[in-house]
Amino acid sequence: MTMDIPTPKAPAPDIVRCAYMELVVTDLKKSREFYVDMLGLVVTEENENEIYLRTFEEFIHHNLVLRQGPVAAVAAFAYRVRSPEEVDKAVAFYTELGCRVERRKEGFVKGIGDAVRVQDPLGFPIEYFYEVEHVERLAWRYELHTPGALVRLDHFNLVTPDVPRAAKHMVDLGFRVTEDIEDAEGTVYAAWMRRKPTVHDTAMTGGNGPRMHHVAFATHEKHNIIAICDKMGALRISDRIERGPGRHGVSNAFYLYILDPDGHRVEVYTQDYWTGDPDNPLVTWDVHDNQRRDWWGNPVVPSWYTEASTVLDLDGNPVPVVERTHTSEMAVTVGADGFSYTRVGDVERGFKLGEQL
Amino acid sequence: MTMDIPTPKAPAPDIVRCAYMELVVTDLKKSREFYVDMLGLVVTEENENEIYLRTFEEFIHHNLVLRQGPVAAVAAFAYRVRSPEEVDKAVAFYTELGCRVERRKEGFVKGIGDAVRVQDPLGFPIEYFYEVEHVERLAWRYELHTPGALVRLDHFNLVTPDVPRAAKHMVDLGFRVTEDIEDAEGTVYAAWMRRKPTVHDTAMTGGNGPRMHHVAFATHEKHNIIAICDKMGALRISDRIERGPGRHGVSNAFYLYILDPDGHRVEVYTQDYWTGDPDNPLVTWDVHDNQRRDWWGNPVVPSWYTEASTVLDLDGNPVPVVERTHTSEMAVTVGADGFSYTRVGDVERGFKLGEQL
Amino acid sequence: MTMDIPTPKAPAPDIVRCAYMELVVTDLKKSREFYVDMLGLVVTEENENEIYLRTFEEFIHHNLVLRQGPVAAVAAFAYRVRSPEEVDKAVAFYTELGCRVERRKEGFVKGIGDAVRVQDPLGFPIEYFYEVEHVERLAWRYELHTPGALVRLDHFNLVTPDVPRAAKHMVDLGFRVTEDIEDAEGTVYAAWMRRKPTVHDTAMTGGNGPRMHHVAFATHEKHNIIAICDKMGALRISDRIERGPGRHGVSNAFYLYILDPDGHRVEVYTQDYWTGDPDNPLVTWDVHDNQRRDWWGNPVVPSWYTEASTVLDLDGNPVPVVERTHTSEMAVTVGADGFSYTRVGDVERGFKLGEQL
Amino acid sequence: MTMDIPTPKAPAPDIVRCAYMELVVTDLKKSREFYVDMLGLVVTEENENEIYLRTFEEFIHHNLVLRQGPVAAVAAFAYRVRSPEEVDKAVAFYTELGCRVERRKEGFVKGIGDAVRVQDPLGFPIEYFYEVEHVERLAWRYELHTPGALVRLDHFNLVTPDVPRAAKHMVDLGFRVTEDIEDAEGTVYAAWMRRKPTVHDTAMTGGNGPRMHHVAFATHEKHNIIAICDKMGALRISDRIERGPGRHGVSNAFYLYILDPDGHRVEVYTQDYWTGDPDNPLVTWDVHDNQRRDWWGNPVVPSWYTEASTVLDLDGNPVPVVERTHTSEMAVTVGADGFSYTRVGDVERGFKLGEQL
């Protein structure tokens, strides 16, 4: 039994939104082909070791940093806070928790000023910053837009062994839970949490962790996502389409999961709903509801449950993974031991995927 | 070895397009919920035994007849011909082939006049007619349109054991082959054939037959198809979404396959291409190309290969099914003995689906 | 010269978002046809004098109240605040400003609890509330969605003679300006202001006021807006399409303006951008930039500049209108005295509309 | 009074579809920017005097030829016929009519073989050909597609003084009329005629002629057309958006009219309906129906009625224009003498545009 992470007396930093991810990739040229040539992210700047990328509606320096490194991993999940002083608050908050905390006035990456990185109690490398270089918001620059134009960073999704423990900590940090997946016994399989008034800035997915499940970018319309699939087909990399496109039950968004050359998972996402009211109703899904992950009942591929990216500590070393001891969503819904239903009360086993083989 | 169907000396009837299908359903009320309440097809007229349905852009009486009956089946695949005289030609054409031919000046169903039904050499019940009652084309009646509005009947897809034999007969009938799936040994797994200048009015899919694989309706845009999926999720009938939505390799159309209450398969389809030039290039796909059936490489579910609807002879009796003796597409592409590739030259086995389990 | 509205010492209420508008209509039956039958807003409840309507993704009781009355007008612009205590703050804030303030613990309309209504210093009837009845969020109820499904209330647009004066007051209330339209002499023609992180909750348009310019609802995709136009054509009320559809310069959103039976203007709107960062860059448009109001340069019809709805005071009497004394946007951009350019440096007069007549 | 064009005894050539237009442009570099860089047409080949362009789904050498020349004009409207022998029929057909006929076995432009050009009885330069070089159909090459991808040539629209006279001649050529605009007195203002089973290959618009009104390309979806508008805004050439986007009454298609650097008008068009049945019902619109040209009642700009491109004779000289003597559509519907209605029976004058000024 893992103990709860204590709630610090120090106030949490006021987080505005998830802002960027720093990804370590093992072949920068191949990653550039994927993120720039294929996905159409905009290069703010680049050098032989790093590429700084942003979405078409972004006005801060970047939403994604690709950095050449020896092992594919996530170096930082970065949140923007509401003012420079909130970085101080982050320092105090995590110091009280006994976490390793490293502050750099000059920032950890280009385009970012005063920032702090911590290894949080869940093991994830988190950055908080306010100071950032402004760049052109390309929203109106339609001559540059592509059929699958990515317009915003939407969220991070993290894998952690104990979802309620992680969610409690995130709530201490000022997040609010918008949706979750549970079973009748009270096991929580995943939870979605937000600062900005969408379904999430960060989701916690139950599994061996800490690992990074995916980073998600938003498009305007569903056809933009379909255009990405069509292009991946044309480029003969359809084997990098892992799951979707489809409609999520959770979040009600239209989605696609694809894999970059290192296996880092990217979601393309559109049209969830407003969650900004203080009493926004929590939506709880039954883990056996076959429409929770895909509203159309299409099967979740096992790799989506099992594969995730390594995360690094502040020295750049992979953080060891702790096994989930609660039951796994895949085990209870797919295959010989699992079942799902389309309609409450129906008893079905190994739904759809099982019928097919 | 089956012998070729001879080419009649009598000229083939001049077929304009596939026009309607007559489906026998075992619970007319349930079928009405599916086709009218859910899919939004327009009721031209109905009585306790039959419902006549059409699409929003149709001006002839119907594109689909649902008839209550003891066993789920297809009673007729109906083509419209260019003039009343072409019905005479159909009579002569099939009489010369030794087929059973039945002509009714008053038509076989409401809304249709002088028509002939035949059991063709492949075993399918085919109707030819010119005379038809005109009804309002609801193209401009946007106050009636639904989010997933079906606007045209697009094609029939038939299952037959010997595809080249069937295709040769269809060419005798005046069809042109637009695309097919083959292997290096020359086995033909499926062929698409058209009269109207789209990819097909009728496809021939290799398998135990004669059976009906699916009937396809067109929408205007891809989001219309997504709306149908979303609605099926909302109605908790996502288990009737069999395959898709996705992008076909063959035809380049965006597609969805769903199952009616009797298991009759319906495709919703949009945006194939012009094929009306006499020298329109044939597109041949390698059966091992994993993008041939789904451009995004998503797996074809086995039921899609194995399940199909019974067809009736002119007396209303089920036509016995002949087994396919050529290798099956499912066997050569899915599971232990099959393989597919995303990129020519790559060797992969049991692609995607195999990786997942 | 009008004096500035003073900044109260009392803190402003913490506004979450624009939440609903109360509209007085002169023929409730006709208005129901427009908002329910045509636009597809969802009826939460109704009686012979009132209809409470909401959008598909809303979970509070309503976004629009239609109330039968003798003269078409706006009875209230209602904002939701972050907690019950914020209603007290609103009372203090406006009391200090010398405004008329009326609080009702039981609310002013059904579904809303403790609320305060004020006639603000600009003359507008504003409501603040926290307590509200929750209703089903119909986001997942796709069986109810229409081709032009409205999913959120997006913003109010108000007409006021002195835009900088109004904007300064709104900033005192905690709003942030996201975009505005100015000229080289510093005249401000309109300003957009937000609490929620979109381009606006409220815009201030220069003109004779206080009046209500429009209320805007959001759809998910552009085709949803086109579907509304198509339906209005089918219903032969295309003369109630006033302007658009088009792409805004300001906000970058796709838009449509239509007129209800009383002439109240409704905008349908989709896809503006994230503005939630504290340093979100202000976008200032030149009033002579012909793409500021329509990115495609299509003319703004004069009625759009001149017509607006009466607003009521707390006794239900029309608030007298004060004339704008600054130059009007229509005068400087349309007709004999106005000009606009497509490209900076080009000299054009009465662009496009002028060419046409 | 103009006499009818006689019906030749020689059979008409069997036309498959409109295939390409040869446009003379005065600044090839500027035209390339418009058609290639902006619209995204695909260059099949080019040299310093000519650019051969095609759409993404085309398999013949080109759909548009841009040729540098001294005066902006149309050099040829080219139709593809069903076989090489049909070119002979075209020669005989027009020879019997006394037209100038010029045949070139090597073709008039690159990529085309044996062809005949005629100056038809209406004054238009028409080409018929069968032989053509095949090129790659880029339908599946999604890595090349743009947000506004043009996928097919859809139709030509011609201006001619006497529409019934022109339509009668087109029917002699084998065309079928699908829609027209008339008034109660029997004046015909425009007619749409097809060979391929869409609403038209060629429309005849009443006005001073022979001139070319526009050439139309098809996209798959409505958002593709919107993307073109957005891009033109971004490139600050919104003044080249002449009319739309909008929904046509006639054809029910979604449309946009833009102007190339020489003022040649290009339509982008999507989603008309099947017209291939022999008894396809003719749709006749009242010229005073304000939704006939734009289903949403948006005004037709006068330039759209008055401006059109010069056509050349077979020697490359501009064909003199004959004035229309019948009443003009603009005169009877726009301005002081014209009127239109939204609802039959309503009396309105100078609708919408008139209200606005």
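We call the chains A, B, C and D, going by the order they appear; numbering starts again at 1 in every chain.
Note that in this section contacts are C-beta pairs under 8 Å (C-beta built on N, C-alpha and C of every residue); 3 or more make two chains touch, one makes a residue touch a chain.
To keep track of the chains, here are their UniProt names: A, B, C, D = 3,4-dihydroxyphenylacetate 2,3-dioxygenase.
Nothing here was measured: the structure is a model prediction, and the numbers come from that model.
J.: Tell me which chain's centre, taken as the mean of its C-alpha atoms, is farthest from subunit C.
T.: For subunit C, the chain whose C-alpha mean is farthest off is B.
J.: Which chain pair shares more contacting C-beta pairs: A-D, or B-D?
T.: Most C-beta pairs in contact, of the two: B-D.
J.: Using Cα averages as centroids, what's the distance between subunit B and subunit C in whole Å?
T.: 50
J.: Between subunit C and subunit D, tell me the centre distance in angstrom, where each centre is the average of that chain's C-alpha atoms.
T.: One centre to the other, that is 42 Å.
J.: Would you mind pulling out the distance in Å between where the CA atoms of subunit A average out and where those of subunit D do?
T.: That pair's centroid distance is 50 Å.
J.: Using mean CA coordinates as chain centres, what's the subunit B-subunit D distance in Å?
T.: Inter-chain centre distance comes to 35 Å.
J.: Going by the contact rule already set, what residues in subunit D reach two or more other chains?
T.: Within subunit D, residues 140, 221-223, 230, 233, 249, 295 contact more than one other chain.
J.: Show me the residue ranges of subunit A that touch subunit C in the complex, using the header's touch definition.
T.: Within the complex, subunit A touches subunit C at residues 16-17, 57, 59-60, 80, 82-83, 134, 137, 139-140, 151-152, 196-197, 220-222, 249, 252, 271, 273-274, 276-281, 295.
J.: Give every residue of subunit C touching subunit D within the complex, in rising order.
T.: Residues in contact with subunit D: 221-223, 226, 229-230, 232-233, 236-239, 241, 245, 247, 249, 254, 290-291, 295-298, 301-303, 342-343, 348, 351-352, 355-357.
J.: Taking the touch rule as given, give the residues of subunit C at its contact with subunit B in the complex, in rising order.
T.: Going through subunit C, the ones touching subunit B are 140-147, 149, 221, 223, 227, 230-231, 233-235.
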